[in-house]
Amino acid sequence: MLASRDRHADRVVPPSGFTAQLTLFAAAAMAFLAVFALALSLASGRLAARWGDELARSATIRITAPQDQQSAQVEAALRILETTKGVRTARALTDAEQQALLAPWFGADLALDTLPVPRLIEVIEDADGMDPAGLRLRLAAEVPGAVLDDHSRWRAPLVSAASRLRTLGWTSTLLIAAVMAAMVTLAANAALAANAQVISVLRLVGATDAYIAQAFIRRFTIRTLIGASAGMALGMVAVLFMPGGNDETATFLTGLGFQGWHWITPLLVPPLAALVAFLATRMAARRTLETLT
Amino acid sequence: MLASRDRHADRVVPPSGFTAQLTLFAAAAMAFLAVFALALSLASGRLAARWGDELARSATIRITAPQDQQSAQVEAALRILETTKGVRTARALTDAEQQALLAPWFGADLALDTLPVPRLIEVIEDADGMDPAGLRLRLAAEVPGAVLDDHSRWRAPLVSAASRLRTLGWTSTLLIAAVMAAMVTLAANAALAANAQVISVLRLVGATDAYIAQAFIRRFTIRTLIGASAGMALGMVAVLFMPGGNDETATFLTGLGFQGWHWITPLLVPPLAALVAFLATRMAARRTLETLT
Amino acid sequence: MIELENVAYSYGGGELLSDISLKLAAGSFHFLTGPSGAGKTTLMKLCYGALSPTSGTLRLFDKDVHTLDRDEIAQIRRRVGVVHQDCQFLDHLPVKENIALPLHVSDRSNEAETGDIDDLMHWVGLTDRAAALPPELSGGERQRAALARAVIMSPDVVLADEPTGNVDWDMSQRLLRLLIELNRMGKTVLVATHDLSLIRATKSQVQARVLRIANRRIQLAGADL
Amino acid sequence: MIELENVAYSYGGGELLSDISLKLAAGSFHFLTGPSGAGKTTLMKLCYGALSPTSGTLRLFDKDVHTLDRDEIAQIRRRVGVVHQDCQFLDHLPVKENIALPLHVSDRSNEAETGDIDDLMHWVGLTDRAAALPPELSGGERQRAALARAVIMSPDVVLADEPTGNVDWDMSQRLLRLLIELNRMGKTVLVATHDLSLIRATKSQVQARVLRIANRRIQLAGADL
C-alpha cells in the first residue's frame, strides 16, 4: 500500500528535463571539484603538519674542534642532551650521512678525515619542545666547540608558508562546497519553478503539502546523490591516477593525493550534497507551496 | 525604430526567475574558480619554467687541488670554458659566496683558507646548451682536479615534477572551463525550457526564428557576461589579497598569484564565458524552435 | 455544505463581489450565470478555499475558512470536486492516470484499480483516449477529462466552471446528465455557465436554482429564464 | 487564400481527416462545426501551417505548404490572425502589450502607438483591464484578448477556434459583429464553434457557409440548420 503510494508519488513529478540534468550535472561537477580540493587540502595539510612539526622539533648541533678532541666533545654534548628536558632523541650523524650532505660541494669521493669538518648532532625534540637558550648556556659551559642551530632561520618562513597552504586548501574546499550548495539550491528552485503547474494541479486535487513536497524532495535528493556520487567516483579515480601520487615530494609538488584514512573523506561529499539538496528542495517546495492556496 | 524594436525584443523574455539567477550564479562561480585555476597554472607554469630553465642551464665545476695550484687550475678551467660552445658565462664563486653555501655545515665564522675547500665555478649555459661529455674530456686533459657537476641528478626529478605541476594547473583550468561551459549550456537550456510558452506564443503570432532566438541569445549572453565579470572581479581581488602574493617562495607554496602580463589573462574569462553562452543559447534556441511549427 | 454570509471579495482594486449571502445546502443544484468578468470563477474559488473573502464569513462544511490550516484545506478539496475553467493536468501522465490522480493523492489508490474509472471514462467518451497525454487532447476532451477527475472521488460537492464551453450540444446534455445523476445521489452541484439553453434544458429534469451575478451582487434569477 | 485538395491528416494512429477538399476564397465567411474531437482544431492548424497534411496538397496564399521554409511560415502567420482554443499569452506583459505583440514582432511597432489598439480594446470590452497581466483575466476576458490579438494586424484571413466558448450571449454577438465587420472589409473568416444558435444568429447578417466535420470528412451543412 505504502510502497504503491510512494511509487505513484514519484510518478507525479515529470521524469526528466533540463533542470533535472542540471541538478545531476551540477552535483557531479561540484563533487568532482570538491574531491580535488579536498585532496589538495589534505595533502597540503599533511605537508604543513610535517614541516611545522619536523622543523620545529629538530635542531642541529655543530661541533668544531681539533681532530683529537672531537669525539670527546661529541660525547659530552650527547650527555648534556640526554638530560635536557624536551629532547626525545639525539645522535651524531654518521660519516656517510655527513658525506652525503657535503657531496654537492666537495664531491662524493671526499675523505672526511682529511678535512677539519665539524661533527653534526641531530636533535629531535618531543612534543613539548626544548628550551634552546638554556641548552645553549649549558653547551657553552661544557662543550666550547658546540654551536646550536635550532633551524629558526628556516623554520619561520616555511611554517608560515605551510600554514598558508593549508588555509588555501580548506578555503577552496569550503568555497567549492558553498558553490555546490548554491548551485544545487538554484537548480532545485529552477526545477520547482519549471514544475509550477504540477504543483498547482496536485494542490487543487487535494494533495497535502507534505505529499507534494515529499515527491520533489525525494526526487532531487536522489538525483543529487547520484550526481555527486558519480562526480566523487570520477574525482577519486582522477586523484588515484594523478602522476606521482606515491612519492611524497611529487605528491607535494603536484599538490594532490590521499593517504590512509583520508581516502574516506571524499566519501562524505555525496551524503553532504544530498543533505544540501534535501534542505534546499524542502525550503524551495515550502516556499512555492505557500504561494498557492 | 530599430532601437525600439530591440527594446521590445528584450521585453518578450520574462525578466527574471530562478533559471536567470542560476545562469548568473553559475557564470560567476565558475569564473571565480577559473581565475583561481588560472593563477595556479600560471604560477606553476612560471615555477616550472624557472626550474626547468635554470637547472638545465647551470652547472658547477668543482676544483680540488693543493692550495698553491688552485688558482692556476681555476684560471685554466675558465679559459677552457670561454672557448666552450654553449657556455654563456662562467665565473668562480667568491669566498663570501662559498662561505654562504657552507654555512649550514661549518657555521658562518668559517675561515675558508684554513680548509682545503674546493673552489667552485658557476657555469651558465646559453639557450643551445653545452655538451657535458666533451667538456669533461677537455677538463680531464687540462685541469686534473676539476669535476663537472651538470646537476642532472637534481634536474631530472625537479623538471618532471615541475612539468607535472604545470600539467595539473592547465588540466584544472580546462576542467573548470568545461564545467563552466556545460553549466552555462544547461542553464540556458533550462531557461529556454522554462520559457517554452513564450517561444510558442511568439512563433504563433508570426515572429521569425531569428527574432525569437535573438531575444534569448542577447539576454543570456549579457547575463553570463555580467555573472562571469563579477566572478572574475571577485576572483582577482581574492588572488590579490592572497597572503604572500609577492615573495616568490610564498607564491609558489601558496600556489597562486599573477605577475606582469598574466594579470590580463583572467580578463579573457568573461568574454569566453559569454561566447560559450552565446553559442549554447543559439544552439538550444534553434533546437527548441525546430520542434515548433 | 457551503455558506457565505455577507461575503465580499476584492483582488486589490475595487470590490468585485459585495455582500454575498448564499447557502448551498446538501443535495441542492445551482446554476451560476452572469456576464463575462462578473466574478463567477472568483465565487467558485471562494467555495473551494482557493481565495478567502476580504470580509464576511465563509463556512465550508461548517468550518470558517479563516480558521482552516493548509492541510484542512487539502482535506476539503477531497470532498469538493472542481472543474476549472482552464483545466490543467499533469502533462506527463496519461489521461487515465490524471483522472485517477485525486484517488492517488488521497491514499485511495486501490480504488483506481476498480472498474469505476473505466465506467466514468466511458460516460464522458474518453475510453479511446485513455492512454493519450493531456496535451494531445482536443479542447472538449480536456473539459470532459476535467469533469471526470472532479467526480472520481464521488465528492460531496461538485463545482463546475463552464464545463461545457467547448463541447457540442449532445455532449453537454450528456455531461449535465452525469451531474444530475450525482445530484440525485445527494451531492451538491454548482455549475457556472453562460449557456442559457443548457440551463433551460436542465431545469426540466431537476430542481435547479439559477443564481445571477450582476453589479457585484448575487440574485436569484427566476421565471425570467 | 487557403486551398485544400484531397488533404488527409493523421496524428500517428488512424486517419483523423480524410480526403478533405476545401477552398476558402477571399472575402468568404465560413463556420466549422462537428462533435468534440472531430478535428476542427486540427483543420484550423492545417490552415495556418502549424501542421502539414500527411497527404494531399494544401496551398496557403497560393504556395504549397510543403515548400515553405520556417521564415515563410512566419510571414504567413502575419497575414492570418488566429484565435486559439486554449489562448496563450506572454504572462509577464500586460494585456495591451500582448494584444500589440503581433505588431512588435513584425516590425510595425509604430502602429502600436496609434489609437487603433484602444478602439479595438474598447470593442472587446477590455479597456479597464488593459494593464492587467493575462493570468489575472477571467476566462472570457482571455478569449476576447485573443480575438483582439488575432485581428490587430488586420490580417487577410481570420481563423477563430471557439472564440465565444466562455462569453455570454451578448458578448458573443458583439464579437461576431467584429468578425462580420472584418468580413465586409474583404477579409476571409473561418469560425469553429459548436454553438448552433450563434451560427443561426449570424446567418441573418452575413452570407455564411457552414462546414461540418463528420466521419473524417467535411460536408457542407445546408438548410438543416
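A, B, C and D are the chain letters, set down in written order, and residue numbers restart from 1 in every chain.
Following the convention adopted for this analysis, a contact is a pair of C-beta atoms (placed from the backbone, for glycine too) under 8 Å apart; a residue touches a chain by one contact, two chains touch by 3 or more.
For clarity, every value in this text was computed on a predicted model and none was experimentally measured.
The chains touching subunit A as well as subunit D are B, C. Averaging C-alpha coordinates per chain places the centre of subunit B 63 Å away from that of subunit D.
Each chain gets a centre from the mean of its Cα atoms; for subunit A and subunit B, those two points are 23 Å apart. Centroids of subunit B and subunit C (each the mean of its C-alpha atoms) stand 68 Å apart. The touch graph of these protein chains is a ring, one cycle where each chain has exactly two neighbours. Under the contact rule defined at the top, the touching pairs of chains are A-B, A-C, B-D, C-D. For subunit D in complex with subunit B, the touching residues are 49-52, 70-71, 73-78, 82, 84, 88-93, 97, 101-102, 104-107, 109-110, 149, 153. For subunit B in complex with subunit A, the touching residues are 17-19, 21-22, 25-26, 29, 32-33, 36, 62, 64, 101-102, 104-107, 114-118, 120, 147, 149, 157, 161-162, 164-165, 167-168, 172, 175-176, 179, 182-183, 186-187, 189-190, 192-194, 242-244, 249-250, 253-256. Those residues of subunit C that touch subunit D in the complex are listed here as 11, 33-37, 40-41, 85-86, 125, 129, 136, 138-142, 144, 161-162, 165-171, 194, 196-197. Residues 1, 4-5, 8-9, 11-12, 14-15, 197-198, 200-211, 289, 293 of subunit B are the ones that touch subunit D when the two sit in their complex.
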